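Okay, so chain A shows up in both of these, paired with chain B first and chain C after.
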Partner chain A sequence: MDLLLIAIVSPLVLALAMVLGLPKALARNLAYVGFAIPAIIGIVLWCQFGAATKESTYAFLTSYDTGLSGLGINLTLGLNGISMPLFVMAGIVGLAAGLYALQSAAERLNQYVTLLLIMQGGLMGVFASVDVFFFYFFHELALIPTFIMVGIWGGRDRNYAAMKMTIYLTVGAMLSLIGLIAIYYTSGAQTFDMIALREAIAADGLSTVAQRNIFGLLMFGFGILVSLWPLHTWAPLGYGAAPSSAAMLHAGVLKKFGLYGLIQVALPLLPEGAEHWAVILATLAVVGNVLIIGIVTIAQRDLKQLVGYSSVMHMGYAFLGVACLSVVGVGGVVFMMVAHGFSAALLFLLAPSVHHRTQTFDLDEMGGLVKHAPILAAFFVAATLASIGLPGFANFWGELTIFVAAWKVFPTLTVIAIAGVVISAIYGLRAAAKVFFGPQTEAFDKVLEEKPATDLTWSEKLPALLLLVALLAFGFWPKLMTDSINESVAEIYPAVESAVPGDVARN
Partner chain B sequence: MESTQLALLALLTPLLSATVIALFLRRAGALASYLSTAAAGVVAIAALMLAYGGHRFDASAEWFTFGEFTLSLGIKFDDLAALMLAVVGVVGFCVHLFSLGYMHDDGYRARFFGGLSIFMFSMIGIVLADNLFMMFIFWELVGFSSYLLINHYCLKQSAADASKKAFIVNRVGDFGFLIGILMCYAAYGTVSLNELPDVIAGGAMMSAVIPLLLFCGAMGKSAQMPLHVWLPDAMEGPTPVSALIHAATMVAAGIYMLCRIEVLMVADALNVIMWVGTITALYAALCAVVQSDIKKVLAYSTLSQLGYMVAAFGLGSYQAAVPVEIGHADGSMQMGEVFIMVGGVGAAMFHLTTHAFFKALLFLGSGSVIHGCHHEQNIFKMGGLSKKMPITFITMTIGVLAIAGLPFLSGFYSKDAILHLAGEQNSTIFAILVVTAVLTSFYMFRMWRITFFGEARSDEAKKAHEGGLTMTLPLIGLAILSIVGGYTGHNGEGLIYGAAFADVWSQIPHPAGIGVFIKSIAILAVGAGLAFALYKPGPSDGLATKVPAAFMGLTLLKESFDKGYDYYVAKIQDRFAMVLNFLEQILLSGLIIRGLAGVVGLFGLGARALHTGSLHTYVYWFLLGAVLLWGFAGGLF
Partner chain C sequence: MPTELLQQAAADNQWAAIGPELMVGCLALFLLILEIVLPKSRHEIIPSIAVVGLLGIITGFVINYHSAFVGQTTFNGLLRHTGTGQFLRLFFLLAATGVSVLGMVALKRQKMPKIEFFAITLVVSGAMMLLAQANHFVMLFVALETITVGFYILVSYTRTNPLSLEAGLKYLIMGALSSGILLFGIALLYGAGGSPALTASSMDSMNFDALRVFLYANPDNVVAAVGIVLVLSGVAFKVGAVPFQIWIPDVYQGAPTPVSAFLAIASKAAGFAILLTLVTVFDGYQSLVIGVLSVMAVATILFGNLAALTQHNVKRLIGLSGVSHAGYLLIGVIAAIHVPFAVGAICFYLFAYLLASLAVFGVMTHVSGDDDADQDLDHYTDLAKTHPFLGTVLGVGLGSLAGIPPLAGFMGKLLVFLAAFEAGLYALLGVAIVGVVISIYYYFGWIKAAFFPQWRPPVFEGDDPIPEPPRQVVSTPAGILLATAALASVFLGFYQGPLGAWLGLS
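Here is the complex of A and B:
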């Protein structure tokens, strides 16, 4: 039995079943199963990963003919040390988002959950695909439901936000598709299989010019998808409007597609191209994402916008790690992606929970919520501290490792990036203080008269707890993940590191 | 039990206690308080067993590896760590015990004691850390627990602001600290406290940049100018927290860290450190003079004493000439001498220890007063407490005398060691520190006289009463330590210390002769005399009525920093953020997206339909594309 295939297919099958008109109550109960299966499979495979036999870093390899073998496309599934942590993260975040959605009071809940299930299937497929074509295909499969969910279930400005997201993300996806197809042709391997591509290019590398051009396409294409400055403006707007579960899955998991593509595909196959663009990428990431967006985040008065901007800011660290082109840097990025997946999802889960009680996202109209909802306050402060990189939470290890790697290559930029640690503390703690601490505002008093605030309900607490436990588990025990990441990255990345005239850059 | 296990027991018991409280005891305040206090008791016993049982060891475990970067967590347990651990354990237990009484009626007792346990865990992590990365981790965690505990009365705006300020200011310091750690790692290839001395002894390049960046961390945590602004505000936290975290242990972590990285120090860096400490000592002592809140007096006093310790470290204890081989560019080797400047570890740690005892005593005493007066903190509304609260009065008097440097009390010895160093090294520093000592005696006697004597000046003070046994016992214990904590000999042994901390104590300079006593008594007498001349127990500040210009000047001096920072935050930082945000909204959302839509138009009519039409169009395009591709691959056309 191929667990990977089951993890991808089971949410999709359940989505199909819901569309075909299962009785509502039954459908909802089955939907729980649809969200739980990928998470459980993720954890089971994670436990087996260390002992599994691996071929070119990939374990659990299976291949299916989909009728596209004429183009060198097969549905090849497998996990390596880079994709495995992300696969597990996608499963857990998906389960949390599903639990939250199923207990929410969204209109037309069945359709909403159907779209989430499709998204979940796509997400699992993205990280389980060894075939670049399907890697892309599953991304699109997960992306389309996002647009629809923003457009229909979104909040303020949902039409504009959905349109803007669609334009940006479509352009980003197109650019990266062109880049991927270019690899397909120029490598001469006539295959989309990652392992075969790696072998073909290792034997007979691409020309420097081709590498530079293709990497540029991929960098900006994937960059748009991960909200690289200045191509990020869709993100705060989109997340501001997106319904909570869609924002959780997109900001937490789907957004990582771009970074994952850079790490798994672009860097190993195009080392010289990466080297050519590294300084530009690092500069955009640090000056743009970390510094400028960090300061812009300070000015936000809308809680959800603030969370959206902070998510854009933290992607700067990830790009900086990618630009280091080293095992240490990439290891840090993978760790950071997983950690950020949990913490961003948690914040996007809690922000609507705050809204539910205050009836507003305006920070100036809140205050003193801790008195009514101490557990919500505890979760929110924990999520904030996790996202600003407090040790004990997973994010810290990612940031620290990236800083260590970046210091060797870009010391000045690293200093600016570390200044981001102060900036994120400013906006994070300000937001927490404005929402929860201090005396109640008059506006909030009025809201309370009409609708007394209660603490987190179990339907909110359970998914939040799932994410928080994951953050703490990896925060206290990073080895859970780092060994397998390190093993795979070290095997894939010698080509990249040797292509960089490191001794020049490092001295 | 093995040394490592004992150390891990001390480290992990508080973490376990915090976890249990967070998960199960949120509504069971009494149980939580007992659990947390029991954990602190275990820590104290383990700490004393480790310190006095001759356990000295190193242990390390690899925590994770990426490529050539390995982060390990480990324990370096030498005399320095043993001393610090013993101080943390003993003072920590006293404060926990005191809190049982002080926080008895607090509605959020469980959260408070959970916070104290997290603090103990984090603080012990700093003490045990065998490398700078690990120290940084726990460094941030004590910052978090401090945030949590300052924010205990979180519905008060002032508490919410103070906790935020403490965390952010500390992060500013940590910004430098982290860069320093990264530079250290890049320059020496290691951040291990055990390996660094070998690397340095091997003739590695030294620079003042790395120690000064690391010192930034100490400036944040130990509240040295200009990062001192958070500590007075941190008094918003419950008084036991002020005693433990913001007086005795956490704020002293900066000094401990400096002693840990002594090997990295060079003369230039020590010079800067010395001046920062000295100026902080004087500035804070001046500010303390015009405070009317009993805790604020003690807070500025703490700042001033921390400045003393930092100055002591910067003064250095001796300079040693070490012969080394110097390699030249042409490959030849030559013997030369390198002057190694050694930080004043002995004097700094000595004052840290005695200060931990007497300042914790003073804070707990003030807590007892505040508790007795039903949370009145203004000394001008107290008065007459010497009769109503005799135990608090006597113990606090011992604390005041100790900090003022009365001969044969602990503060006398440690302060004198520092003044002796200063007298040998730098007469300007010596003069400033003597003035500071006079001021210390002055503001402490001012506070003591106004608080305890005269008529009770408010209803709260009239109804004042002594707290229970859990509150008076820690006071008595700490008072005894404040008396005997100063007895150390030339050979590194001490009355209550035995030979356990010989490595540290042997570095204390011991001034001799009768002059020392005369000097100390003179300092104390001048300060106390001035205080008695200027202040009478009454409802108004004597200085404000007798010398209004001085009072206003000092108030302005105290407020200037806060005003400066407020101006920076409101007028510079936030405005800059607003301008950037404005540009972000206008330029990016407006112009570029339109421009991009124009470019996209070039893709053709199909693409245009995609962007101007409904969402569903995109779905159809996608499906059509998929079908075409499948068809193409299957050889249909």
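Here is the complex of A and C:
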């Protein structure tokens, strides 16, 4: 059987098995397997990817008829250079989130893990789908458990947060679905298959008006899902309330769906539409996400809100890279998505670990935790430096590439975006300093009297280590990823570049 | 030989074509006979006999009838057997089975005659099966009245409950009014179509084939146009489309829960079966039909969703959400005028709606207390914790109704929307999308009540403990029904295989 299908189906099947009332211990052991299989398959396929035969950039292509082939809907699976790194990232972050959840003390743990497994299956499906319909379908499959997890296992304001997330993200998903259906009909191909759509549109392109309208729908639809300013307000609230594993999977992986959709579907199929909207997108991203949200982040007093806002801010860089409409820009975005997936997940994993020891998320009531938990401090500082984009971590290469690409198209905005790095250094280092260094506050003294703080346990250390190793691996050896990205992006994007204004040099 | 005579008669009149309907009718009569013959102590098995009999008929139908007679007209053009008709016959049989199982659960608590419920349900579903194949206004009207009269009784079945009686009265008045409007429309069409002064007039202008030819030949006949609008209005009562939806919340609330389920599932589907037939008959007046149905669809979607937003009684809520579903389906009907696969899309939607509604109403029958009309969102507090099975089924059912992937309801909506896109109904689609987003709020509110931990006032010593919301133990047949409905909703979301093929979608 096809490995890609196994990676998608095995978490789902094991999720079903957990509902059917197996003994608790057995169910949990099965859940470990369910989280491990996608990660292992991801790494195995990655090793084979370079040598695999490819058809229109996609390797490992397989297709299944689910009963709607008459409408051009088939479950077609495959990976190209853009989806391959994201597929691996989804597997590894999923494994980390699963390990963390299975060791946690959540109430009704089996139900929680079931929902996480469903989410994991959906995430693998998102990046393995070559069929645009299933790409959307799997996204929703992963999204719904998020709402339920926020509602049941969430923290403060969980009811409000769950409702707000549901409404925002449903609107975003609906807009993008309409955009995708519009492509389906206006292309004349009457199929949702990516490859066939590309060929049909390459043969006789869409009209400029149609391209502009559809790209607008997709940009705002996907934009809501990726928290494009000013449609981002669900994100800090939702991440603030979400239980840690759900936040890791959503902020780390699922949110990338929108960017991935823009890169894989919208830009190649609608080059003129993209050109029309590029300036608006770049401005919203840099002025809104990077600058305004960056300043808002500095003002945060709550650690989890701060992490949530910083993840919104970093999406600004990704949008800027998309708006460059160039091979370099898009390659940078893919790199950044992978890196941000690891670093955001790591921060969302560590924030509750801090809370567990200090009993508060309020930065002003913390301080001096480094004496009690030096390893936690080391991990946290590393994660912060990674998210700022220090060389040596994967994020650095992503941001650097995006800035290089953006400089040629939007020089002013690039300057602001680079200033954003300083902003993220301010809030990141300030948070690390307040939590771990500095004098121990009275409030923290009281907490320590009741419950002495211990250092990171193995159940926290293992998933954190997994994510940190990945960050460092890509940071020191970016070639791991760039070769495959370059190959695919260069093949998909020549059409885009010819549509870009003449002052953009060909990279 | 008398058997030869019978065979002769059967061959002439094609009685075999309505074999399933005859068997359903016989089963209904058989139940009544059993009530007289069996001692009172053995009466409990009669509902089981109804369900087992229905399952037998379904099996027989799937094996023998699903493709028999397709493409033919029988009984001198009273009935036309189509693929869609065959699907809907099976649909009504399944609906009757589900409703009967719910009836077994709900009626146990009421001190009411029990057997009639199942007999009437069977007769009504038999009439619905005939309605789905009607090719003549006489057939259509007789079948429709059989259904409506059956529902008059069913809605006011718990006659000790004032709300049930009120609902019965409202349904009676509204139903009679709608039948009158429908009949008036039919009379106008009959009169116009039979007028010898006009071209292509027919002696038998209630026959759909003749009427279709007549309407094509006379595209600007005012009397016929008025007749068409009146007929569509009469049908709009049945599907609960605005402005004829006003009875829905009260009747759904007052009627016993299984009857509300029957109204929601089968009565609505019957209305759409008629509409799908009628839009082809009224082909000559396309612009009029599209205009009327479009206005109805927009108003129905917006009204249903907005009115459901503020409901706390779940029966009213599900009734009003059903109104919005009728609106989405109306878009499908409009699309079906130009896009052939829209008919399959509507059938798929109805089937997904059947499964989801059976799941939700099934949970409602188990959560409701002695007063069937008083079912509040608060009764669902902590349902997922205390009854994980009921909670899961409810979650799947509501998710499917809301159209959340990967459930069957999403595929149904997607197919209808795809058809609407292909037909170019962009404005209607926009309204539908707005409706779907609004609907997330109230479906989600219900899920929230059942799943999310709710704040409870603390209980002090000496206080009376807060009464636990009433909940029933799930019996085996009800458990099987609920599990089947939920699993099928999930399965159909992932894999549409044979059903998609049957409906011409693959």
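Basically, the second predicted complex is superposed on the first by the 502 of 507 C-alpha atoms of A that agree within 3 Å, B and C clash if a C-alpha of one lies under 4 Å from a C-alpha of the other, contacts with A are read in each partner's own complex, and residues count from 1 in each chain.
Rule of thumb we're sticking to: a residue touches a chain if its C-beta (ideal position, glycine included) is under 8 Å from a C-beta of that chain, and two chains touch if they have at least 3 such contacts.
All of these numbers come straight from a predicted model, not from anything done at the bench.
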Comparing the two partners chain B and chain C, which touches a greater set of residues in chain A: B
Partner chain in contact with A:422 - chain B first, chain C second, else both or neither: first
Which superposed partner A:65 touches (first chain B, second chain C, both, neither): second
Which of chain B and chain C A:167 touches, first, second, both or neither: both
Chain B versus chain C as contact partner of A:233, first or second or both or neither: first
First (chain B), second (chain C), both or neither touched by A:23: neither
Partner chain(s) touched by A:158 [first = chain B, second = chain C, both, neither]: second
Touching partner for A:452 - first (chain B), second (chain C), both, neither: neither
Touching partner for A:144 - first (chain B), second (chain C), both, neither: both
Which superposed partner A:438 touches (first chain B, second chain C, both, neither): first
Footprint overlap on chain A, comparing chain B with chain C: 67-71, 137, 140, 144, 147-148, 151, 162-163, 166-167, 170-171
Chain A partner contacts - residues on chain C that touch it in the complex: 341, 385, 388, 392, 399, 404-406, 410-411, 415, 417-418, 421-422, 429, 433, 436-437, 440-441, 444, 447-448, 451-453, 494-501, 504-506
Contacting residues of chain A [partner chain B, same complex]: 67-71, 73, 137, 140, 144, 147-148, 151, 162-164, 166-168, 170-171, 230, 233, 237, 292-293, 295-296, 298-300, 326-328, 331-332, 368, 370-371, 385, 390-392, 396-397, 400-401, 403-405, 407-408, 414-415, 418-419, 421-422, 425-426, 429-430, 433, 436-439, 478-479, 482-483, 485-486, 489-490
Of chain A, residues touching chain C in the complex: 19, 65-71, 108, 111, 136-137, 140-141, 144, 147-148, 151-152, 158-159, 162-163, 166-167, 170-171, 174, 178, 181-182, 184-185
Chain A partner contacts - residues on chain B that touch it in the complex: 63-69, 71, 133, 136-138, 140-141, 144, 147, 151, 154-157, 159-161, 163-164, 167-168, 171-172, 174-175, 178-179, 182-183, 185-186, 573-574, 576-578, 580-581, 584, 588-589, 592-593, 596-597, 600, 610-611, 615, 618-619, 622, 626, 629-630, 632-635
